[in-house]
Amino acid sequence: MVESASSASRKSGLPPGTLVHVGEVLATETRITILDYTPEGCSEHVATTIGEIAQYRDTDSVTWVNVEGLINIDIIEAIGEEFEIHPLVLEDILNTGQRPKYEQYDDYLFLVFKVMYPAEDGGAVNYEQVSVLILTDYVFTFKEKQDAIFDSIRTRLRKPRAQYRNLGSDYLAYTILDAVVDQYLALQDYMDTVIEQVEDDLLDEPDADTLSNIQRIRHELIFIRRSSAPLRELLNGILRSDSELISADTLIYYRDVHDHVLRVTDAFDTYREMISSLLEIYNSTISNRMNEVMKVLTVFASIFIPLTFITGIYGMNFVYMPELKWKWSYPVLWLCLVAIPVVLLRYFRKKKWL
Amino acid sequence: MVESASSASRKSGLPPGTLVHVGEVLATETRITILDYTPEGCSEHVATTIGEIAQYRDTDSVTWVNVEGLINIDIIEAIGEEFEIHPLVLEDILNTGQRPKYEQYDDYLFLVFKVMYPAEDGGAVNYEQVSVLILTDYVFTFKEKQDAIFDSIRTRLRKPRAQYRNLGSDYLAYTILDAVVDQYLALQDYMDTVIEQVEDDLLDEPDADTLSNIQRIRHELIFIRRSSAPLRELLNGILRSDSELISADTLIYYRDVHDHVLRVTDAFDTYREMISSLLEIYNSTISNRMNEVMKVLTVFASIFIPLTFITGIYGMNFVYMPELKWKWSYPVLWLCLVAIPVVLLRYFRKKKWL
Amino acid sequence: MVESASSASRKSGLPPGTLVHVGEVLATETRITILDYTPEGCSEHVATTIGEIAQYRDTDSVTWVNVEGLINIDIIEAIGEEFEIHPLVLEDILNTGQRPKYEQYDDYLFLVFKVMYPAEDGGAVNYEQVSVLILTDYVFTFKEKQDAIFDSIRTRLRKPRAQYRNLGSDYLAYTILDAVVDQYLALQDYMDTVIEQVEDDLLDEPDADTLSNIQRIRHELIFIRRSSAPLRELLNGILRSDSELISADTLIYYRDVHDHVLRVTDAFDTYREMISSLLEIYNSTISNRMNEVMKVLTVFASIFIPLTFITGIYGMNFVYMPELKWKWSYPVLWLCLVAIPVVLLRYFRKKKWL
Amino acid sequence: MVESASSASRKSGLPPGTLVHVGEVLATETRITILDYTPEGCSEHVATTIGEIAQYRDTDSVTWVNVEGLINIDIIEAIGEEFEIHPLVLEDILNTGQRPKYEQYDDYLFLVFKVMYPAEDGGAVNYEQVSVLILTDYVFTFKEKQDAIFDSIRTRLRKPRAQYRNLGSDYLAYTILDAVVDQYLALQDYMDTVIEQVEDDLLDEPDADTLSNIQRIRHELIFIRRSSAPLRELLNGILRSDSELISADTLIYYRDVHDHVLRVTDAFDTYREMISSLLEIYNSTISNRMNEVMKVLTVFASIFIPLTFITGIYGMNFVYMPELKWKWSYPVLWLCLVAIPVVLLRYFRKKKWL
Amino acid sequence: MVESASSASRKSGLPPGTLVHVGEVLATETRITILDYTPEGCSEHVATTIGEIAQYRDTDSVTWVNVEGLINIDIIEAIGEEFEIHPLVLEDILNTGQRPKYEQYDDYLFLVFKVMYPAEDGGAVNYEQVSVLILTDYVFTFKEKQDAIFDSIRTRLRKPRAQYRNLGSDYLAYTILDAVVDQYLALQDYMDTVIEQVEDDLLDEPDADTLSNIQRIRHELIFIRRSSAPLRELLNGILRSDSELISADTLIYYRDVHDHVLRVTDAFDTYREMISSLLEIYNSTISNRMNEVMKVLTVFASIFIPLTFITGIYGMNFVYMPELKWKWSYPVLWLCLVAIPVVLLRYFRKKKWL
């Protein structure tokens, strides 16, 4: 969840542009899948050499190169050379601690952002960095690991008459972004459930676990926000962009993703406020309870301590204590022992402690 | 109140532009009422086919199509096709988790926002999404359910010499927005009463209920703000818009709604501040009370514990305790038993605990 | 202080532009006073008909029409018709829940803002809405009630050689704004005194009254800010305005008022910070005191409870308790009873509790 | 420190432009010192009439007129007339509650700001308003009292070959501003020391004095910020100004002052954060200590109350209590009296209270 | 860590542009190392006179002059004269309390910023000011002390075929900035570890040390932010700059550094939020524990105080107490002594205190 302690600075001291995978190294083999499509058809295969990737350069088809796992630096470097990608861009792709951003180059657009989804065991949130390169007829996606987040896009593109196949690489990039933001919406639902759970706990029986839950969610929301907030800038950048790589017709779709991102970041901000508010309520509840406990102690102690004092007096062994020999002393004393609590209880009731 | 946990992500995995009703599905039948008017007259009827809706396209009249209930996707899709509405707009209409926004298209304007009103049983706030399409002579409104919020507009348009009937679809859209913002003002009044109630509780006898009331209101205000704040942008968008669909004469009316929205969002911000401040006061009050309780306990315990100790001494059974046999021991002891509390009470009074 | 619960929504359901007095209805008769002046002279009288008001339209004099009390809607409607004021402006004048604002129309300028002054009995702050219409040779002011806030202006204009009589309606409007902002400065002085009072209370002997005072001031400051902050925008609007109704020479005076408003809103922001800080200090003080109380209790209880235990031991009635019969038992026990507190007190002193 | 309660509104009711000294009236005689210099030489004298001030108008020299003490309104009015200063500017000079600001007029520039320096007795911060008028060859400074803050400038100008004497009135005004900002830096050092002192107190032995110190510093920082923050705008105004009165060469010096002001306001913001943080630490420390106290009380009470109960049992005077007569009762009881605390202390140690 | 108390104002009273080393004076001898390189070769030596520094002025090589230690003002003044640096720039170089900033002059660019790195002994953060002057073929760096932060750059430049040697002084300045920002990333990793440590402490066993750790980190983060946040502006300044000294090709590298700075300042902001949140959790935990302690005390006291009272009654020495002589009194009393705790414990369990 937190970037591993060793990640941010691993590159310190290396010259800029040196390609090293910086980030928690995931032992995922690099797997490159190519999906090439025209309105008429669609072909898929797994590539291992740069030649297989570059072979579609002179065709009219749109080619989606999905690189999963960032260990194999050679192939990424080869892609960089073949498609004339700036070394700093390649460096950013390999360093998985990137801040989401959008960069416009003459021949390509570069996007980098995070996919976030709740872990399946209901625990912490998973983060994965996705980099996207948009070229005229190519879209490259670079992911840290192999997972299913792009499966729905692939399924749709495979359909014989998919209308999406008429549209260019800019539309493909949009569907990728859209799939990622859909993950955010799923995360929003998940947080919704989790926060509702904490709210119920608070009403029911708040304890130290509730507190650590609140803390955990808050912590998570800080990281979610750090990953999602810059996405607004990223999309603003695309919307204001003058690049020819994104057609005016497609821009309206990016505007739609922008709306979704606004909605989801609004929601996360709301959750942050709610969590702050829940913590305050937790504290007030604890104070309230301490107050209750103190009242009980005070009532008990204040009633019995004077009574015990009285019994102490007549437990003394002085030779000359006339009361001890009076016949009615004991019953009269009992009257006192009953009267004192009655008076005190009235007083406490007046003070609204009972 | 909170979007249901399953709502935000229901569309995940579907291609963009797929029309599915996303949101808490309300089992409301779709009911379409048409109100068509010219300065001379006004006709109303319930429509069930797209033909009935489209029949006014070539007339000079202004036609208001009010669609209540979003289950019947077919008819909404038909409207989209007939009036050439962008699929993403139709998608937004059907997804009731929209952030309020304004979008300008060549042939129409699209507004989406929330109606908010206090539930009749004094409980939570009701939220309903309203989408508005403004075309040259048509206004479409899409609502989640059937209710009375537009009745006053309808009543006014039916009046034989309604001056409003001279004005175009932009003015009709304004009256709809105005009716919605009037609901916000009613909600403001309601929150006013509720907060005043809590303030009275705080002065009177704050308890755990007061706390949960404060929490409930705060929660509600977070959601109210999330729904109302973007309305300022929406109206700013309209005011700065260069669309020919809104005439300069009507803009002044939109400016008026804008003022109302500013007023109402100012008020909600004020309430948020007041609720925060009430929570702090609540906590301080609880602390104050605990202090009072502790003082009573301390005074009682500090006075009687030493006295009990003294009685304990003379309750001991040592054979050689000369005081026990002295004649004046008991009265002298009583003097001590009276003197000690007097001294302690003075001390406590000096410390201002009494 | 707070807008009455019924005010914000009273107009709900009425068509826009309907003239109804919305706001706490003050049972003040509408009183219209006219002050017409030229450099040479100045005449004053009370008007009751629209004719009396409109008679100066073709003269070169500057005419100030001061309408106090908003019950008589007819005369206000008549003014609207005679001087061609937009119905929405008239509506705003009558609705006393306006947010301060500035609107520029072709033939007139419209300002609406709040006068605030401390109530004479030292209690809450009074709010009164003032609307100003600036026409070429006319200034209209609409007030909720009859009071003395404009008396000083009137006195000055009556002076035989008042230099101000040379200047136009824009300068008159400025003097009115200036008089209102002077009231704000008086309010600032009042808040200053009140906050200083609370600060003294805090140093002296904070109690629940101090808390409710802090809460009351905070509450008041929230409302003062809501009324004063938009005045900055209002004056910015005037300063950036291109209306011919305000001459370049007069603008410098409006800039001066703007500075005063900045100063006064700065001061109110400062007070808000100070009040927040006072509440925190209050809470810390309460905690501190609770700590003191707890220490006393702990010292008392911790010293006497062990001693009482010891006396309890030798108060037991076992037949075989050898110590009871020893001759030096009692004096040795007294040594213990003295030694134990000494040791404990040293311990507590080391812990810095004494 | 705080503006005196009567200051803000003293002018209420007077016509705008009326010259009255508003502010805490300092009983300082007005003293006017003139320093006139050319690259060749420099003459100084004390002026009492407007003639003495105006005599340098037609020379090439730069003339610095330093007015200390604002009681003598006549001379200030005379300066205003002679040099054609706008009445509102004169009013601002005399009203010592100004917000720092910069105003550009055709023939002169007007600056007003605060000098702040720690009082010599280590107490509160002193505030003094300084107004500066920059004319072509004249610089006027108006100060509330006579002090030494400009002495260093004067000393430098007196030096035979002072390079500064080549430069115009804009450079002189810069050196004045620079001297004022140097005072801010001294104040920053002072606050640094004061806060470090409080930090040490917190680590050492925080008590109610620490709390009131924190409160005092916080209060002071609120006022320091109110006086220093607008200086950024003031300097921004000068830097963006197109006035011919400030040459391009001198602008670089104003940029330098701007940097200093940024630095110093950054530092004050940092101190504010640190003070907030110290207050939180203070509160946490108090809570921690209360916890310690409570634990001691609980340990003492929980150990001895059961023991005392046991001794109470065998102190009862029932005739039929077999244990009392058993031979080993007393030693066995002692075993219990030792065992019970041992068990309880283990329990408390397990709970980490010891 | 904090600027020494005497640093900010040492220059007060001196004329602007006077060269004095302001800041904590580090007793480091000034050491000047020159690294001159062309694509073909690279020479290094230590310089002591201005002649040695200026000798490369007419060559095509790029010359990096690294000045470590700011005590020797003469040589810095000589550099200023030789290369026509503005006196205010030299002043800024010598004053080590600068706010990070970028200034563009006709013939050179001036950058000043802080290097930050964790102290080796795991204690506080070290701050060092670095000033950079970028001329056509020269780069000057001025550092407070001699350390290894630029060693990696030097090593790379020495390599026979270093591609970097083809690029101009703008690229060299970039590598310097990049090396500094790499230090920030290392600091980020360090803070990461430190905060994780505190989080573990909080879960484990929070005590007063945890509190002072939180306070120390918070304090440190305030200073880190004050040093790092202005770096964003600095880089924005460079990116928007129109200076010919920075070529378009190099700008892309500066954009990369800008991204790194955004990332690192984002991270520091996140840490600040986390630390605030940890403090709140700490307080809640302390409250929770106090609650636990209070419950134990209350349970103990409430059970044994009534019991002790009962034993007190039968410890009284009245002659007429019939119960004392009854045969079953003692066993019946034992029944009571057992029953009362059972009832009370049930009550407390119902209240969920056990």
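Think of it as A, B, C, D and E in the order they're written, each chain with its own count starting at 1.
Heads up, the rule we're going with is that a residue touches a chain if its C-beta (ideal position, glycine included) is under 8 Å from a C-beta of that chain, and two chains touch if they have at least 3 such contacts.
Keep in mind that this is a model prediction, so the values were computed, not measured.
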{"item": "Smallest number of contact steps required from subunit A to reach subunit C", "value": "2"}
{"item": "If a chain touches subunit B and subunit C alike, it appears here", "value": "none"}
{"item": "Homomeric contact subunit D-subunit E: same or different residue positions, threshold half", "value": "different"}
{"item": "Cα-centroid distance, subunit C relative to subunit E, in whole angstrom", "value": "42"}
{"item": "Centroid spacing, where centroids are CA-atom means, of subunit C and subunit D in whole angstrom", "value": "26"}
{"item": "Shared interface positions of subunit A, touching two or more other chains", "value": "283, 287, 290, 294, 297, 301, 305, 308, 312, 315-317, 321"}
{"item": "Chain order around the ring, beginning at subunit C and proceeding next to subunit D", "value": "C, D, E, A, B"}
{"item": "Subunit D-touching residues of subunit E, taken from the complex the two chains share", "value": "2-3, 5-9, 11-16, 86, 88, 91-92, 97-99, 101, 103, 205, 207-208, 211-212, 215, 218-219, 222-223, 226, 279, 282-283, 286-287, 289-290, 292-294, 296-297, 300-301, 304-305, 307-308, 311-312, 314-317, 321, 323-327, 329-330, 333, 337"}
{"item": "Contacting residues of subunit A [partner subunit B, same complex]", "value": "152, 156, 164, 174-175, 178, 182-183, 185-186, 188-189, 192-193, 196, 203, 252-253, 255-256, 259, 262-264, 266-267, 270, 273-274, 277, 280-281, 283-285, 287-288, 290-291, 294-295, 297-298, 301-302, 305-306, 308-309, 312-313, 315-321, 351-353"}
